[in-house]
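Report on the structure given below.
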Amino acid sequence: MATGKLEYVRELERGNRLPNFNWIVVRIDGWHFHRFSEVHQFDKPNDARALNLMNSCAVSMLEKFPDIIFAYGDSDEYSFIWSEKTNFCERQESQILSQSVSFFTSVYVMKWGEFFPTQELTYPPAFDGRVICYPRVKLVRDYLKWRQADCHVNNQFNTCFWTLVKSGKKKSEAQKYLAGTQTAEKNQLLREFGIDYGALPAMFRKGSCVFRDKVEEGVKLDGGRKPGEETCRRVRVDYCDIIGKEFWDQHSEILVED
Amino acid sequence: MATGKLEYVRELERGNRLPNFNWIVVRIDGWHFHRFSEVHQFDKPNDARALNLMNSCAVSMLEKFPDIIFAYGDSDEYSFIWSEKTNFCERQESQILSQSVSFFTSVYVMKWGEFFPTQELTYPPAFDGRVICYPRVKLVRDYLKWRQADCHVNNQFNTCFWTLVKSGKKKSEAQKYLAGTQTAEKNQLLREFGIDYGALPAMFRKGSCVFRDKVEEGVKLDGGRKPGEETCRRVRVDYCDIIGKEFWDQHSEILVED
Amino acid sequence: MATGKLEYVRELERGNRLPNFNWIVVRIDGWHFHRFSEVHQFDKPNDARALNLMNSCAVSMLEKFPDIIFAYGDSDEYSFIWSEKTNFCERQESQILSQSVSFFTSVYVMKWGEFFPTQELTYPPAFDGRVICYPRVKLVRDYLKWRQADCHVNNQFNTCFWTLVKSGKKKSEAQKYLAGTQTAEKNQLLREFGIDYGALPAMFRKGSCVFRDKVEEGVKLDGGRKPGEETCRRVRVDYCDIIGKEFWDQHSEILVED
Amino acid sequence: MATGKLEYVRELERGNRLPNFNWIVVRIDGWHFHRFSEVHQFDKPNDARALNLMNSCAVSMLEKFPDIIFAYGDSDEYSFIWSEKTNFCERQESQILSQSVSFFTSVYVMKWGEFFPTQELTYPPAFDGRVICYPRVKLVRDYLKWRQADCHVNNQFNTCFWTLVKSGKKKSEAQKYLAGTQTAEKNQLLREFGIDYGALPAMFRKGSCVFRDKVEEGVKLDGGRKPGEETCRRVRVDYCDIIGKEFWDQHSEILVED
């Protein structure tokens, strides 16, 4: 049977080119990871293995997709910022979304054993994703501020919550105890348990940033090449403060408005 | 830092509810699988292990998402038909697309070793996906016909092509030799090489259908339950002809227009 | 100054082709017509001049746009059904919407004096519009049923309301009096005022349908042409019941699913 | 008949909120105005009556819709820039588009006689419209530059063309004569016919800008109010150069990025 007279069904395929002059944010979230983290016995409130696995996936993303210029993640979510100028897949939303989520998932499953050597993956994890367009540097930065502020709020709450639970309280009691408390009260609570919140790992408190660093490689080379003649951009993970302006002043090449 | 004054960035999140009264087709394609199949030494023109892995992923999809009512796949692509009536994730396109692609990818990587016990997965495979809405049974059936006709055309060509290559022709010669040939000529060519195309495995020639079969389980039970009292719907894989009407007459419950 | 280097701004123009296999409904509504009808002293509850003007505009629409196959209107709104198969302006939503609304408005203003010879148009009336796609005959018919049922409900209420107001009640009293009354009670009320609701003009009770009728013109011609040899399709206005099936049985050529 | 069980058809109505942080451009074009201008005997290459009518409609638009901050028009087209911050009709595309086009058309027909006292309107004119979103001041300004540059290019060509035609050339000859000529050649041609292009009315050469001017009214009042205490913003028409930066420096309040 020939396909010719059936191809009319393609007329209902619809493209959706994301508008130019916008950074494209793809945010990936663990799907039902509340259950997934219990079944796979994640440490609470933070499991360093799980976070490092997420970070490793994010690094792979930046290595795979050169037009991703920055990523920020915490807990079971990761936001990938695609360059304002990208023309990857002609900026088709469904392709950018599906390939981002698929590749991230693939790396997550493949690298599981590397980060959880003693914990078998018992069922397939999945992620969902969404796409948001931001046409100005200010909006992208406020988006990232929002995610990092959210990380802080959640992490402080969770640190208190699990401290109370580990001290013997029921989950419902811990929930009730914390309801309505302010930052100062939460810090006070932690101090009572001997925990200096500010001394906890930055990865827990600030989440993780992934970006390319300018590295002058020439200096490392003996011989013909002059220093600075060749640069490559290494993907690195850091736990930076991206709410203040210092990071963005130091990395002004990441977000540039045309 | 509080998140409140930053949440305004959410205003740029945009939903996209797929219109009611439409079946939702999610078609997943292997991304750069030409290279992937070479690196992982897939048999040509068809690798039964790779097809069975795809089918196994599709079965998992129907077990995971009750609102997928039918799936059809061949080569490195799979189409999943979501019920006209589904309200999964409020029919949001980005969620249906991203979860479908993510879960499929996750299962593919997890089950790789089961289907390729002697072939290590050397890099993360990825899939892309798209969403198409069809508002009538006729359109859904024509879509599926189109995919199966496409499977046939491709498979017949590939069978000839690889027969010629295995017989010693260069790929470019085989390509030239086949250019413009009709079905009858291709069948003649295969006969000359002692191949009866119609006797090749149906999975290669027709692709794979995945759907739920009505199974009366009551009769198998001794004891209290009466026959027919309980039915469950087992997900099965078959290599049916979905171009003709016979299959659809026999499975009239799958595609029903309201 | 050349336009070349500025044309990049066109990249942000976005098309929106309405999906094939859908009837396209453009519904036009008078914008702030509550005030407009007061300023221009429309009769209450129905002004035959205003309705006939709307109908005349609708007839012009069907004469102008051959792909509009049916229209239904009441009060200050009109719905135009574009053929499932139309390719007018390549089915671009913005063009179909803007041209429909613009042409309707233009005719409304131009013909005002014909229908309101003694009432000057004191300020420019405007209409807004929206587009809805329906992929099945059943949905289009239910849409039209919904509009006609809505016409009936509103008209019966308004007839009672203005009967009470004309009898001396304040508007707020009339509103309160009618709150929660059923159809039977409303008819009873009207009878008490000597009004037989069923005897009111059909245009008020049922709204107006505009469509093309098959008219054999040959029979009217003396001389060479034979009867039936030439047919033209005259646009007519009628106050039909489109909730029941009789109209659609008699005009089965209007809505045909491919 | 109740409407309740029919209202399900509304599920297929789809909103389309235009994204925040974008100026919304509605561009209105005369529909088949080539013919319209012939039938209504517009002067060529420019009809001052027709342009002043368009400008009058544009002024009405700014008086009607406070969130339109600027308009630019030439020939039979007009672009309306809605404020980045507008929440008119919740930024629904179909409402902003349809009301803009409808109101513009309505004013055009109503005011026709004022601008064409000796030329009857013989059939209803119509306009089509489209919507484009621009998220940065630079893009809005480049859009307006593009339209004014386009006005210049078209007007210079048309001035030459009609000069040749009025001198006795056929239209096809004039077309051929001008093909491929540059600006300097066109100016030379006009000089040969005694026309100083730069001395033609600015409305023809530059098109028309419509915007609100800050007017201090307090000074005109005798009595209690102090000068400057009350300001109103009068809508004015001017034939400014909006390609250069001078206009925008002088009217920096019009386009402000948040």
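A, B, C and D are the chain letters, set down in written order, and residue numbers restart from 1 in every chain.
The working rule: a contact is a pair of C-beta atoms (placed from the backbone, for glycine too) under 8 Å apart; a residue touches a chain by one contact, two chains touch by 3 or more.
Computed from a predicted model, the values in this text were never measured in an experiment.
Peer 1: Please give the intersection of the contact partners of chain C with those of chain D.
Peer 2: Touching chain C as well as chain D, we find A, B.
Peer 1: Give the chain pair, either A-D or A-B, that is connected by more C-beta contacts.
Peer 2: Looking at contacts between chains, A-B has the larger number.
Peer 1: Farthest chain from chain C, going by mean C-alpha coordinates, please.
Peer 2: Chain centre farthest from chain C's centre: A.
Peer 1: Express in whole angstrom the distance between the two chain centres, defined as the mean CA positions of chain B and chain D.
Peer 2: Here the centre of chain D sits 53 Å away from the centre of chain B.
Peer 1: If you average the CA atoms of chain A and of chain B, how many Å lie between those two points?
Peer 2: Distance between chain centres, rounded to whole Å: 31 Å.
Peer 1: Averaging only over C-alpha atoms, locate the centres of chain A and chain D and give their separation in whole Å.
Peer 2: Going by mean C-alpha positions, chain A sits 46 Å from chain D.
Peer 1: Taking each residue of chain D in turn, which ones touch at least two of the other chains?
Peer 2: Expected reply: 12, 14, 19, 21, 133, 139.
Peer 1: Can the chain contact pattern be summarised as a line, a ring, a star, a complete graph, or none of these (other)?
Peer 2: complete
Peer 1: Tell me, which parts of chain D touch chain A in their complex?
Peer 2: So the residues of chain D touching chain A come out as 19, 21-22, 133, 135-136, 138-139, 257-258.
Peer 1: Hey, which residues of chain C end up touching chain A in the complex?
Peer 2: The contact residues of chain C facing chain A are 11-12, 14, 17, 19-21.
Peer 1: Given the complex with chain B, which residues does chain A contribute to the contact?
Peer 2: 1-3, 6-9, 12-14, 28, 31, 60, 93-95, 97-99, 101-110, 121, 124-134, 139, 142-143, 145-146, 148-150, 152-153, 243
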